[in-house]
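Remarks on the structure that follows.
We call the chains A, B, C and D, going by the order they appear; numbering starts again at 1 in every chain.
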């Protein structure tokens, strides 16, 4: 838990992202904070969740003891299937992704650059075991990519940068970033603050960002 | 609530525009969306590029659409039929274009279009006139030809059953090209004999997941093309 | 019906081909004489018939009045499905073909060249409506291609030639040819007669062939 | 009579040779053919190249095969696991090779291998280190990378049910890579919980048609990897 004046907690971040998902969207949620979004479907909307290991119409986690080892999500956690769900194999699943059939994918990030470059699979360290999963396919194929992430690393280093230093997942793919501190759009001019978390001011967020932030268009 | 059903055939085909590329499901009469095609004739869109394995039979369904002069170009593998001269007559008088594609290449091009694959290599047609002008490439000492993914503005399909999400199941060999065209059509429009509640199709049995479908219209007793031809029906 | 000393009739040709199909084979039959082969499964063998419009385990024609317009073969005739059959879409069907999963395909021919070139889709005439269907995929992908055809055209012109004059379906793809007059192998040396139809001699068949025939290896 | 069932797990894996390329079905534990993998450990084949999305968990199944030193190279998208250090330890000490492939590209490469497609273009990985050394090509102004079809000498899969022809159905998300690997394996070997009579699987519901399957072995109550790991089981 974080105190109110240092930004949103993980659940609040997930809830904030959910507010921006249009009714009827087909959505893929990455591992970590993105997984939490499924809990926060706003009143009156219906989203259909896709998990790349072969399920459309993914429902919430099963009740304790009701899960099945062969009904899991991409994070390998047990899930459920809603009425109207469909199972399919991996080639069909990634046809949905690569073919542009999904409306939105929400991913975590290690770094995001001002032009929308995303790094979220490897720190590039000599001892790191490289593991990419479906991230490169998702960012290359899904119509819109949101990132939800802590604004800074645990060590306090900024994650939003002029340019990523870690190996890229995709080039210029991110359209919007949700952090504990702000909602930020990737624009041709750079990263533009759309919304500050309650109790925070622009300077506070800029200080924790490794690239120049633009103020919200309506405030200029 | 997501509900992809529309009330009428006219609603289903309403937005198809002049010059559109339209994939039409079916192999021969199996899976041919006769009622949707007739609605498209009524609707009036012209200068269409149509993708189907064949060119229809008699003067109903796809053959009727061609006969009405609405089709500028056909992309297909087998534009002949034992009981129709509609396409051959127009083709011989240069009133319709033809892009002839081997059947397996046609299927794979449609799948590729739907799967976000812009190009792939196939051994089919190498050394034949259908490879003329196409790029050849050798993999492990064998030649292949480069083929391109195929997409369409619309896909018109016939299935057996749908739910409100657009999940589909088909009937026997009427499945053929339809699951591929569902993927490759920007707007996929499906006539089904039955609409069931969400969950009415077992998730293990879904052939086309609803994400590939935009509109569903119920046609409870679809006509069989061969029966219409035997009955001497012509459309309109 | 033809008289005995002018070779096999269509049914006999089909029956002759069936004798050479190994037990357990996955087989695709082209339109025309090849379709007749399905009737002649030799005692003790089981073949699985594939039709490229999406059925494995194709059975015989239905009883009069029992057919279904949406259960057809590649020739668009009504068929049946045997126990253990499977339906699939066209991309999966041609994956079976292109991926080398079928053991044998038996096709008709307009012309076959001594090197195994096949022409069976177009006479190349100016008024011909070109129509290729799945023939090019079949010859490019199926492990073994047999041709079954009348030895000569209706006008008496030879169909087995030094080189095809019609547009090709595939290059060097045919391994064996069954005609009303003979069974002939495509070998690196050219066309070799394996078997003459009852009552015919080599010279009779050679006269009706547009390329030099080699006598059966065992007779040389 | 065609009958692809074999009497034992040992029979099923008997012909796998040293140096073979082996596709192993499953995504995490869902669809992992644990009993077939254990039979392969018993059988002894070494210097294997193994294709699976992951590298197993605990010290059972795929992780046990790797731990036993039988795997020369892994081709996968995500060689990490929350409860196994088998692969990371060997990788860091240069005792095992890794070819890292984006998950969708891995799936499509396997499908392509099984479908006779030697190469195709995908947008995934363009501009990243995983595209290094690969051919780029532009289609309609967008860059794609050339990827190659992937085949294997053997595929080891788990399904829910089979008949004597090898027709298969799967269980929920245990389907994942298995229908693709069935196509791409020269010899596809499947463990199933149940074997039914021919016709016992509705032809409309078959996911893997039998033409892609060579051997079927019955394992009535397959272990779940996560349960084995919780129970502290190690193999052998």
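In this text, a residue touches a chain if its C-beta (ideal position, glycine included) is under 8 Å from a C-beta of that chain, and two chains touch if they have at least 3 such contacts.
None of the values given here were measured: they were computed from a predicted structure.
With steps allowed only between chains in touch, the distance from chain A over to chain D comes to 1. Simply put, of B-C and A-B, more C-beta pairs touch at B-C.
Distance from the chain A centre to the chain B centre is 36 Å, each centre being the mean of its Cα atoms.
Note: centroid distance chain B to chain C, computed from Cα atoms, is 29 Å.
The mean-CA centres of chain A and chain C are about 56 angstrom from one another, to the nearest whole unit. For chain A, the set of residues touching two or more other chains reads 55, 81, 87-88, 91, 94, 97-98, 141.
Shared contact sites, meaning residues of chain B that touch two or more other chains, fall at 108, 111, 115-117, 122-123, 170, 172, 203-204. Every pair of chains that touch is listed here: A-B, A-D, B-C, B-D, C-D. Here chain B touches chain D in the complex through residues 108, 112, 115-123, 137, 139-140, 142, 144, 148, 169-170, 172, 203-205, going by the rule given at the top. Of all the residues in chain A, the ones that touch chain B in their complex are 23-24, 26, 46, 48, 50, 55-57, 81-88, 91-92, 94-102, 141.
Residues 51-55, 68-72, 76, 81, 87-91, 93-94, 97-98, 127, 129-137, 140-141, 167-171 of chain C are the ones touching chain B in the complex. Here chain D touches chain C in the complex through residues 1-2, 111, 113-117, 163-165, 167, 183, 197-199, 201, 203-204, 206, 209-212, going by the rule given at the top. Residue ranges of chain B in contact with chain C, taken from their complex: 27-31, 77-80, 87-88, 91-92, 98, 100-108, 110-111, 122-130, 170-180, 207, 224-227.
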